[in-house]
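The structure follows.
Note that the chains are named A, B, C and D in the order they appear, and that numbering of residues resets to 1 at the start of each chain.
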Amino acid sequence: MQKFGVDDLRGVIAVTPTPALPGAAALTARDTVDLGESDRMIRALVADGVDGIITNGTLGEMATLTLAEWQDFSACVADAVSDTAPDLPLFVGATAPNTRDTVDRIRFLRDLGVRGVILGRPMWSELGADTLLAFYRGVAGLFPDMAIVLYDNPEAFKGPIPSAAYAALSEVPQIIGAKYIAITPKFGADMAAVGSRLRLLPLESDWLAAHTLHPETALGCWSSSALCGPEPVLALRDAIRAGDVGTARHLTRRIEWTYEPFLARTNFPEFSKYNITLEKLRFDEAGYVAAGPARPPYHLVPGPYAEGARENGRRWRRLVGEVRDRNS
Amino acid sequence: MQKFGVDDLRGVIAVTPTPALPGAAALTARDTVDLGESDRMIRALVADGVDGIITNGTLGEMATLTLAEWQDFSACVADAVSDTAPDLPLFVGATAPNTRDTVDRIRFLRDLGVRGVILGRPMWSELGADTLLAFYRGVAGLFPDMAIVLYDNPEAFKGPIPSAAYAALSEVPQIIGAKYIAITPKFGADMAAVGSRLRLLPLESDWLAAHTLHPETALGCWSSSALCGPEPVLALRDAIRAGDVGTARHLTRRIEWTYEPFLARTNFPEFSKYNITLEKLRFDEAGYVAAGPARPPYHLVPGPYAEGARENGRRWRRLVGEVRDRNS
Amino acid sequence: MQKFGVDDLRGVIAVTPTPALPGAAALTARDTVDLGESDRMIRALVADGVDGIITNGTLGEMATLTLAEWQDFSACVADAVSDTAPDLPLFVGATAPNTRDTVDRIRFLRDLGVRGVILGRPMWSELGADTLLAFYRGVAGLFPDMAIVLYDNPEAFKGPIPSAAYAALSEVPQIIGAKYIAITPKFGADMAAVGSRLRLLPLESDWLAAHTLHPETALGCWSSSALCGPEPVLALRDAIRAGDVGTARHLTRRIEWTYEPFLARTNFPEFSKYNITLEKLRFDEAGYVAAGPARPPYHLVPGPYAEGARENGRRWRRLVGEVRDRNS
Amino acid sequence: MQKFGVDDLRGVIAVTPTPALPGAAALTARDTVDLGESDRMIRALVADGVDGIITNGTLGEMATLTLAEWQDFSACVADAVSDTAPDLPLFVGATAPNTRDTVDRIRFLRDLGVRGVILGRPMWSELGADTLLAFYRGVAGLFPDMAIVLYDNPEAFKGPIPSAAYAALSEVPQIIGAKYIAITPKFGADMAAVGSRLRLLPLESDWLAAHTLHPETALGCWSSSALCGPEPVLALRDAIRAGDVGTARHLTRRIEWTYEPFLARTNFPEFSKYNITLEKLRFDEAGYVAAGPARPPYHLVPGPYAEGARENGRRWRRLVGEVRDRNS
């Protein structure tokens, strides 16, 4: 029995880092996950009211955790959710360099009681169109009760998921959604391709635009900024749901303002080289989660990029204050 | 005295083809412009109420007209506008392989009484960031009374206009707008960069989303589909202006429906190779303008792409009918 | 004590697949390495006189072996070499999604007595220039006695190794060579950057050209075609060493003839999507090693590409016959 | 009657700039060609013994000359050749944004008595594979007596000429050669595709390698460095023809040494943005031709790139001295 369907994927899906202990950037460090902070982070998100959680994407350091660390973190997250909100849609990352390693990862998650995964493509070689379909269909076929969210990151996985592939994958019952990179000219075609069978989740700052065009299906967003403090995104959700376009617009533009100094906004390909450290830096600066150091090799970042990320975190913290003031 | 400023650039800016006589695809054909149809096309657009006209971009065959043909067509367009709506913002294409040819083209237009140009970059070699600024600033400096709309087509001109360049160019009084390729992750940053000094014109199907986020500045759109018949885009404009989001959404989605079979939607880089013929085919099929054959070398197109373009034209014609029914 | 230095890297370095048992393409298959064939393959290469062996690059399925399979295969290869040619330069692949996993892999190899690795970059996110240097320097710093061959594959690792990085890495004593993708305009600059401190290994069909320009330093090549039967490449080596340009040219052109139907020749980016299966297909067709099926997700390939690979294998087998006839 | 065939295309084909008068970088400058220097340049090349001349490629400012300037320069070049070496293969550039303009340019050349053109593709939109063939075949069909050299510059013309297109175009009698960008993995496939019907001309520094592999067909090279002084390239030609590999290698490596500081060597895409100015700067520094300023918009260049170009020119001048010393 599949626990999560497309209708469970709505609202604010928070995208988390994997908190690291001091010293985690050393090549000889092992067992670097800060499990206490990880547990606290999940419980805080649940308590604050996010509608779902995604872990272990790019910024969640899927590529740089050892297997043991990923297992420990996954167990910690699964426990925290199970304890506090057992029906919350949780999608743990299971992307690996090949299908069989992904299968082993999903088996491990299933044994933990996790019923959702977020899954990018093997990325050593780019997948051809047929290989992409066979990959996702093959994994889904082995796990009839596991809900899959596609992780569509064209920089990481060497190309976008084509519209035709979206159409085909939306027919697989276990594939219920996609973490969609951004609104691009292809967004409308992809929305048409998946209909109401698969939830395309835009970034929170694209959500209002997507919802304006597709009010029946653009019912959720992903947000890593939510890990700088979820209130602004939750307020955006409430405004969109209430049809309060003025507030939703105001919040979207304030969110855009926080992004102004962030490299992701002006040069995404360059950002992709330093993504992990930049996200962790802004989380640490905002103060909602102690993300700690990034793991090698992605632990270095040019100074001006780092400062832009910290300023993004400071702005987000200020925005949290604005939202609290408004709500009180 | 500059005739057109940023505030004159609003509403529906129609992007026209250059109608061709039979036989125009022959290598030995000269004087191929169908001047009668060109005149009729401009007068029809004016009569139907578009808010501005752009000619001689990619689909307007800036690259494939001979100098004499471009001069004849420009004079014809200038006359038709001058006759019917002398204050209508008209932007004639003046893109050329180099700055001096562009300068000569703009001089010719100025002598015709034209007060607006749309201007892409020289494209033999990609322009570096400083070269791009120097190019636009240099041209603007020579023509203090000519309004310039940037033509931002990353496929044609080997890269997008960077956000920092938008910021700098928005400080040049003559540069009043940009034909913006599509809503991308950079759109918010570009809107912030130009403020209210320069109008970024999205495609008509992106307008509602852009306007939702930026109601004070996203006040216009470009549309080549308007040459399949402008009513649907004009109705969209009226709905957006009236704050009637439901109608605006409905029209946007019907416009998206017309695009479904069109190559531009699913594969823009591939579309860019066959752009001109595909646009002219859909215009001919829709019947609003007799665009005629494309000029060499861009007169060939694979059959399935052509059929998709014709189906786009048929759908648009049907949409025109729907809009008329609704209005009556 | 470092066992292998730049001077040990010369002649024909064979690049091997990881032979697979029947059924290895299934998602549920585990322990898929054909260890008997792996052992036989290594002994055959040694007996036939190759000058070095590289395993577990792209076609050696570094990305698609489970950890246990990679360990089993590595131990098998190490044993076979140790048994037959303990001083043969052997470079086992240790590329992983992150630095710490690579460190663990190299530790495992060191415990096996292996003293050489071939090492590509983590590839989830592209490495910036400084990150690339820090990655290779960091790994080298932990293993003073391990010789490292850079694996420079711009498709897999999202960009070439820049000339400046080659210059810097050539100063690290453990970094003794690079599996260089092909002769490109950058080759001369890279040769100048590394001098005699680091051996750039071109593909066998580029070796004569490289040697003509750089007779003191272009002293070796890599060859996966050697796994279709090494004689042609060994004969090429002997001709180059003997200064017999006529024979070397003849052999190079016959090798080029075998490649004519192979996708790698005409469309390398497309080839990169199907690399593994295509290589294994041509090995199986040539008959020197029973490479067996490719492992998922890279086990699918369009039919015409597959037929081109098989024809390449047949041609190579015929070339082996020609070389034998010539030698007898 | 076609004057030049594939057998006339051999030896050193010099690629020239279009000398400019002081002030040529101004947007208002017209008639900027230094006709005196142009005449002197052609006569010097003829007197010094080059085997052919190509004008008006990228660095020959095909994109930035006005039509009148191009006509004046072409007439000047045609006269100088006709006066001094009427049978010298001369290929004047006729690349334009579209086919009909190219046809008009070639007509003009034919009326001057010029019997060869070098022809790149229209570049506003990338040409699809069929469009590319139709373009070259169409032009050739109109000018049965005009020899055509393909100008294969993937940066300028948005992609390489595919191997299959080379095969097809080599069947057109008028198409006798190609200015080939550089030795790439595709070079062998392209040589096989064209056989002895079409001369692929590599850059001079690639010629020895190409000739080593293809002594029957790699009989010529192109060289813009020849405009820094042709002696080194002519000496290379003589060494290659004499089978003196040692001298040919020495010269090739000295030529590579001159290129070390030149941006083209380490970053070709970036070089392509500043190509023209960088070439003219090194010519001026070497002193063989007074190339003068580059024309807008390509007249700006970052300082470090400029210095690298000047150093390249100084090194070349020193190499000319070395060759003269050796010859005396």
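Rule of thumb we're sticking to: a residue touches a chain if its C-beta (ideal position, glycine included) is under 8 Å from a C-beta of that chain, and two chains touch if they have at least 3 such contacts.
Remember, predicted model here, so these are calculated numbers, not experimental data.
Fewest steps needed to get from chain B to chain C, stepping only to touching chains, is 2. Summarising the inter-chain layout, the chain whose CA centre lies farthest from the centre of chain B is C. Centre-to-centre separation of chain A and chain B, using mean CA positions: 37 Å. In chain B, no residue touches at least two other chains.
Touching chain pairs in this entry, ordered by label, are A-B, A-C, B-D, C-D. Against chain A, the residues of chain C that register as touching in their complex are 27-30, 58, 62-67, 97-101, 103-104, 121-128, 130-131, 134-135, 138-139, 142, 155-156, 158, 272-276, 295-298, 300, 302. Residues 162-164, 181-186, 188-189, 192, 205, 208-210, 212-213, 215, 245, 249, 252-253, 256, 259-260, 264-266, 268 of chain B are the ones touching chain A in the complex.
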